[in-house]
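Naming follows writing order (A, B, C, D, E and F), and every chain is counted from residue 1.
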Amino acid sequence: MNTMLKLGPAGAFGALALSGLPAWAQEGPIKAPTVEQMAGMVDKGDTTWMLVSSVLVLMMAIPALALFYGGLVRTKNMLSVLMQVFMIVAVVAVVWVVYGYSMTFTGGGPFVGGLSKMFLAGVGTGTYAATFSNNVYIPEYAFVIFQMTFACITPGLIVGAFAERIKFWPLMLFSVLWVTAVYFPVAHMVWYWSGPDFLSDNTADAGYLWGMGALDFAGGTVVHINAGIAGLMGCLVIGKRVGLGKENMAPHSLTMTMIGASLLWVGWFGFNAGSNLEANGLAALAFINTFVATAAAALAWVLVEQFRHGRPSLLGAVTGAVAGLVAITPASGFATPMTSIILGLVTAPVCYIFVSYVKGKLKYDDSLDVFGVHCIGGIVGAIGTGIVAAPSLGGQGWVDYSVFPAVAGTFDMTAQVITQIKAVAVTLVWSGGVSFLLFKGIDMVFGLRPTADDERQGLDQTSHGESAYNL
Amino acid sequence: MNTMLKLGPAGAFGALALSGLPAWAQEGPIKAPTVEQMAGMVDKGDTTWMLVSSVLVLMMAIPALALFYGGLVRTKNMLSVLMQVFMIVAVVAVVWVVYGYSMTFTGGGPFVGGLSKMFLAGVGTGTYAATFSNNVYIPEYAFVIFQMTFACITPGLIVGAFAERIKFWPLMLFSVLWVTAVYFPVAHMVWYWSGPDFLSDNTADAGYLWGMGALDFAGGTVVHINAGIAGLMGCLVIGKRVGLGKENMAPHSLTMTMIGASLLWVGWFGFNAGSNLEANGLAALAFINTFVATAAAALAWVLVEQFRHGRPSLLGAVTGAVAGLVAITPASGFATPMTSIILGLVTAPVCYIFVSYVKGKLKYDDSLDVFGVHCIGGIVGAIGTGIVAAPSLGGQGWVDYSVFPAVAGTFDMTAQVITQIKAVAVTLVWSGGVSFLLFKGIDMVFGLRPTADDERQGLDQTSHGESAYNL
Amino acid sequence: MNTMLKLGPAGAFGALALSGLPAWAQEGPIKAPTVEQMAGMVDKGDTTWMLVSSVLVLMMAIPALALFYGGLVRTKNMLSVLMQVFMIVAVVAVVWVVYGYSMTFTGGGPFVGGLSKMFLAGVGTGTYAATFSNNVYIPEYAFVIFQMTFACITPGLIVGAFAERIKFWPLMLFSVLWVTAVYFPVAHMVWYWSGPDFLSDNTADAGYLWGMGALDFAGGTVVHINAGIAGLMGCLVIGKRVGLGKENMAPHSLTMTMIGASLLWVGWFGFNAGSNLEANGLAALAFINTFVATAAAALAWVLVEQFRHGRPSLLGAVTGAVAGLVAITPASGFATPMTSIILGLVTAPVCYIFVSYVKGKLKYDDSLDVFGVHCIGGIVGAIGTGIVAAPSLGGQGWVDYSVFPAVAGTFDMTAQVITQIKAVAVTLVWSGGVSFLLFKGIDMVFGLRPTADDERQGLDQTSHGESAYNL
Amino acid sequence: MKMIIAAIKPYKLDEVREALTTIGVRGMMVTEIKGFGTQSGHTEIYRGAEYAVNFVPKMRLEIVVADSMTDTVVDAITKTARTGKIGDGKIFVMDVEKALRVRTGELDDDAL
Amino acid sequence: MKMIIAAIKPYKLDEVREALTTIGVRGMMVTEIKGFGTQSGHTEIYRGAEYAVNFVPKMRLEIVVADSMTDTVVDAITKTARTGKIGDGKIFVMDVEKALRVRTGELDDDAL
Amino acid sequence: MKMIIAAIKPYKLDEVREALTTIGVRGMMVTEIKGFGTQSGHTEIYRGAEYAVNFVPKMRLEIVVADSMTDTVVDAITKTARTGKIGDGKIFVMDVEKALRVRTGELDDDAL
């Protein structure tokens, strides 16, 4: 299995080794360095990049995601959506430092980490986290923060599936249980490993899917498929909105939705390029791939609309952009700008079909298309990653960290695609199953849905006692 | 007294010295380096971090603060608030480069600096500013910019206290006089010192409160208490809004308030973590503390509302978040994530009481709760800093720069808390007193308040000849 | 001619050489380094700075510019403006990686580059782009991205001139043709050169205007004059809005305009300071100049309004700010903070006159004042750059890269101003002429303008089948 | 002719409109109003400041019809708008002396 | 029954509503309108483009009451809405032939 | 006195207002309404969900004038508001029994 050990692109590899330039570059890299040695392997440029990336990802959640969603609901529910996304960030941030980081990023098993770092025990200004290059480290707090922003935004994505008809506190409870039972384990499976300077000593010290060789540069499975399938379960358990199909449920402010989508695009560079953990040419590759895949997807969606309805819509443009961002997420560090464009062009129509037809046919009320965009787009991207990563297509391939120093691994596209599909399946089953049980359970115990009258009057007034606008 | 000399956390210290890695790390640090030597002590990672942090702090003022405040006023006064915050930034920026920087960051005396750097005389692309680490420098312009953003936002905070009933130009005049007579001196007292490579030669070359050993990592006293008490004076001098208690003064757009609050949270990392002046583990610590204290405060406020009114509100969530941001500001570089959470949990209820009860009881019309959130939250944070900084609680303690190279100082919690209280008192008295006189004086000479009819019609039309919305 | 070869400020020069600190600083810089050597000449602090700057410039386009413009149109056309700016970014991003980068940044001729880098052929994670310092490089992808954001925002600026009355697809076609025939060539003329380590071998290997010695730090000619004159041509070809002068065309949401303007200011630091390509004292200088010139221009505009109408307006404040940002763009790396303030104070009134009087007199319907603010402000700035760059005024002068290592050149203000005027003229003629032909051609073939009824009903419903608000 | 003014619950608007078209009503004017009546409003609390919102959003319909149609229309509205809950609304009938279609100048019943 | 239509200054709305409830009015319809009259509007200037806003925001009240109450209601409105400044507004009284409560079908005076 | 109620195309508002002032109308109430009539609305599609918007934005004018002026006013509105296209709108005339100016208490014709 260790021959399959991989993560992180290899193409940039030679360059990296060179540009890393640790003081002792001369003597070659140090295996399993001590913390004192790590202190000398930190580049402030990387630290700055990780802190900035964290800022960008937080901005993706608040205000970006909140506005993207909020603009799509009716005025009477605007605040409920803003509130849900905002408080999920707050609650999960606390959970993350209490036990989330430990469950996700300590060893312990292939499926979930341990509790040794509960309350961030042992983490300090003088401890460091590994990157994907030998002998390159970042302050551990910076890593904790960056990963925290991912945990904070993911459950926020789910709320779009049952927007306009959910009770606040039961949703908060769900979010805590969901990150605990779904997000932390899945993130551990995909992203946990002991690092390039340590893995070769114990190649088993890694998460299940990581060890399996699944490639997910920035969280296509962990974030999007994970949240997307959970959303579907949610809207199935909760049921349709009162008046669906009868009343006009047009977005109350596409202006807000456009602001949200734009800031999502802007912030996503922290999400994808930040996931490289280093500010180098590979981060720049992830950045440009994210940029053009999104552009291509927005364009594709608008063209589909032009052909289907004779008119391109702003909502179509921004929805396409988000679909592109979702799809490129796992591939961003592996593809080339050109293959990224193709990935974007392919993803948009697929999501369009789910959003505009499948949903209507299957009659589930995924209010803001969390499943159609995030889960479907995530799946296309996750599987596509297995293709665009191929060195034969200019892709970055994978790095074999089972040897020290790490070397480029040999790429087998078929095998890789199969591995990707396995990873997708595991995520769908785990997240779909557990999410369904959580929704059902909470619904039975506390009830997830407000009364029809409250839903009619709107959640802003009935759940929060406020109005979004008093113009 | 020099045994009390301190500033900047010590915990991270060992690590810092190591990770700094100046070319001559071998020969040990250079005392009082020449500007040529300083040129070699600059890390571009730090420079980038300071420029980015400055961008973030400016964003906190425009649009974040402007929107946070603007959303809370009635439609007819929206533009007046946006205009006030925007133009205060513009006016103070000019004042800052003309004489503000010089008054604040040159020696001269314990209470205020000199005029030797008026018009930024002597500042160039080849001059450098000290950080909190020996032999680590940043371009002086970067320091001038970072501090400029602080000066630009602080008077903007004040306007919330008398929003909807102030004349534009008298407010501009007040802002200029206030930064000159209050902000620059207080900032000099708290933040001016000759730097780690020079202080040991003349331990007296520092601001009054800095020398006294007051800990204020990012501006709890200088920014929040300072502005908060000034706001209270302002609303007392100006009086209540016409129709207060009779007419419905509900926020015209909580959507805008939520955008503002979210961007404040996002930008605040530049404010707090940027105040470390270096991109290292300590900056990351300040970052994560800012993150979780805010999250905890938002949660606490919402829980209080749930118990008091049976419903959590979005306005409560974002108000709590801002209270948390205010409270953690002075402590961000000293606390641990866990003590930060506690600080957040404590601050929210205290501010809640002032905002929801004290204000009503004492019948002052602090329109947007500048006093209740910024001054009170600032005081809780400033005093709390004396506790959470304690190494016994995992805090960072303080660094003794009176020796070269600097060493960790011995921490005495009681003494520290007393020092913190002294610093708070000095700020309250100085800012409160001078602000009151300035408001009174301007009111007598030019008049601060528009006519009742103009106030009724709204300041947008009467002061600016515009309407915020033409939907 | 090579004696005139220049670009990039010289003042900071000594300092730079020192602070660069490549590993072999001892042996002095290497001429025409190999790519392997370049790999060691990259500083992660610079890479981070370029990636962050790119994020900021993208944010300037979406959402900033879209909101700044969108807020100024009537509700019924809000989405059309948001859509145009958003999709221009998407389309141009794809064009850029396909052939734009190659046309702009490869040699080939003084007026336009070649096609050797079509589809980014030859660009990889291990290739590097030159900065303005000898032996300082950044990952080429980072340079491609940064320049891409400039190409994406520039055509977006144009749409303001004929907002509320243009068909979507013809505009997209225009944008593609315009960047191809105008933007790429002009950018090549102004910004292409072979870099400080290579130029001395072939001083002819540079764009026409660059070789002529025109100074344009961040794109005054390439971006603002270029777009501004194109906009004028557009509104002349398309004609006035239906109902102009008769109906009330007041901005539908100055709140959105203020958000947009604030984010433009915030993002512009990436635009101007990012154009330095390195995170050093010179970037900080460009940053502070951008800050204070903008502040001064906002103040100046508001004062003019106070004298002319007796009231300062928010729209005036933000328009002044944008005018200041435009004017300082070419000068940002050359001026001092004080001369920047003067440039801002001068620019605002000039633009005010064009916006408030000239436009009315000449009766062209430049809806959102693209010509009055961007073209006029750009001209004032471009010519002013020739003055403020003078070392005699504390300016940075110019660097002579025709020798290796580069040295400061001798500055002749009159000659420089003449060169600047030449550059402005070339841009006006090229962009004005080609743009006019493009508009005319597209109008004849496809028609640029919707029917009067559609224009009445609004483009949101008629072109996009949506409504911006359903409150 | 008569003008029939009705205040109904907002979400009933489309249903009522359809009901009216089926019985041959060719036009109406609809206004979003704040209704005040037995149906109580709600309270909002902003940072402890409590505001009683006494008004309830309603839709106000104005339909001008020939005298003969009046009752049919009133019945149609009553049927479709009724939910049985407080706040269903009111219908008022007033006399209209003259009607004119701007486009054609047609008068009275022909104008409707 | 009579319909009393009044245009008043917006900030007077709550006062008037209270005054009317105290004299036993049980409902009304309120509309935000643009008023045009002797009270002059204001001008707005956007980048030198001047717009005269001739309309003044007003609140329009419609109250249907039994004939007997008409004068009391008119007086109550007049008293509370009056400030003595131009723009206080107008009150119009019109006849209502029929009233109906949708919820119950009650007619005329019982419907109010 | 008569109340003249007119539904017109929004962009015609200013023209009509001017026309009316020139013939001596001193005031009116203007409401933004959703009009329903022969003029058809439009459809909007959001991510494949299609909504038929059956209402067209219109401006509703209410003008109370002395009986004598009624026809002049109706003519003035008809002339200025007419474009000949479907949706020009309607004019209705109703009787007003009483008018009062809140500020002065002046009655009927003096109140206008």
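As a convention for this text, a contact is a pair of C-beta atoms (placed from the backbone, for glycine too) under 8 Å apart; a residue touches a chain by one contact, two chains touch by 3 or more.
Just so it is clear, the model here is predicted, and its values are computed rather than measured.
Participant: Report which of A-F and A-D is connected by more C-beta pairs in contact.
Facilitator: Spelling it out, more C-beta pairs touch across A-F than across the other pair.
Participant: Using Cα averages as centroids, what's the distance between subunit B and subunit C in whole Å?
Facilitator: Whole-Å distance between the two chain centres: 33.
Participant: Taking each chain's centre as the mean position of its Cα atoms, how many Å separate subunit B from subunit F?
Facilitator: The separation of the two C-alpha centroids amounts to 55 Å.
Participant: What parts of subunit F, by residue number, touch at least two of the other chains?
Facilitator: 14, 31, 44-46, 53, 94-95
Participant: Got the subunit A residues that touch at least 2 other chains?
Facilitator: In subunit A, the residues touching two or more other chains are 43-46, 48, 52, 248, 250-251, 253, 259, 309, 311, 313, 315, 465-467, 469, 471.
Participant: Looking at which chains touch, is this a line, ring, star, complete or other?
Facilitator: Here the contact pattern is something else, fitting no line, ring, star or complete shape.
Participant: Judged by the touch rule stated earlier, which pairs of chains are there in contact?
Facilitator: Pairs of chains that touch one another: A-B, A-C, A-D, A-F, B-C, B-D, B-E, C-E, C-F, D-E, D-F, E-F.
Participant: Residue numbers of subunit B touching subunit A in their complex, please.
Facilitator: Going through subunit B, the ones touching subunit A are 11-12, 14-16, 18-19, 21, 43-46, 48-49, 52, 56, 74-75, 248, 250-255, 258-259, 262-263, 265-266, 269-270, 273, 278-285, 287-288, 291-292, 294-296, 298-299, 302, 306, 309, 311-315, 317-318, 321, 336-338, 341, 396, 469, 471.
Participant: In their shared complex, at which residues does subunit E touch subunit B?
Facilitator: Contact set of subunit E toward subunit B: 11, 14, 42-46.
Participant: Subunit E touches which residues of subunit F in the complex?
Facilitator: Listed in rising order, the residues of subunit F that touch subunit E are 1, 3, 14, 17, 26-31, 62, 64, 94-103, 105, 111-112.
Participant: Can you tell me which positions in subunit B touch subunit C when the two form their complex?
Facilitator: Going through subunit B, the ones touching subunit C are 23, 36, 39-40, 42-48, 50-52, 54-55, 58-59, 62-63, 66-67, 70, 78-79, 82-83, 86-87, 89-91, 93-94, 97, 119-120, 124-127, 139-142, 144-145, 148, 168-169, 253, 256, 259, 463-471.
Participant: Which residues of subunit B touch subunit E in the complex?
Facilitator: 243, 246-248, 456-457, 461, 465-467
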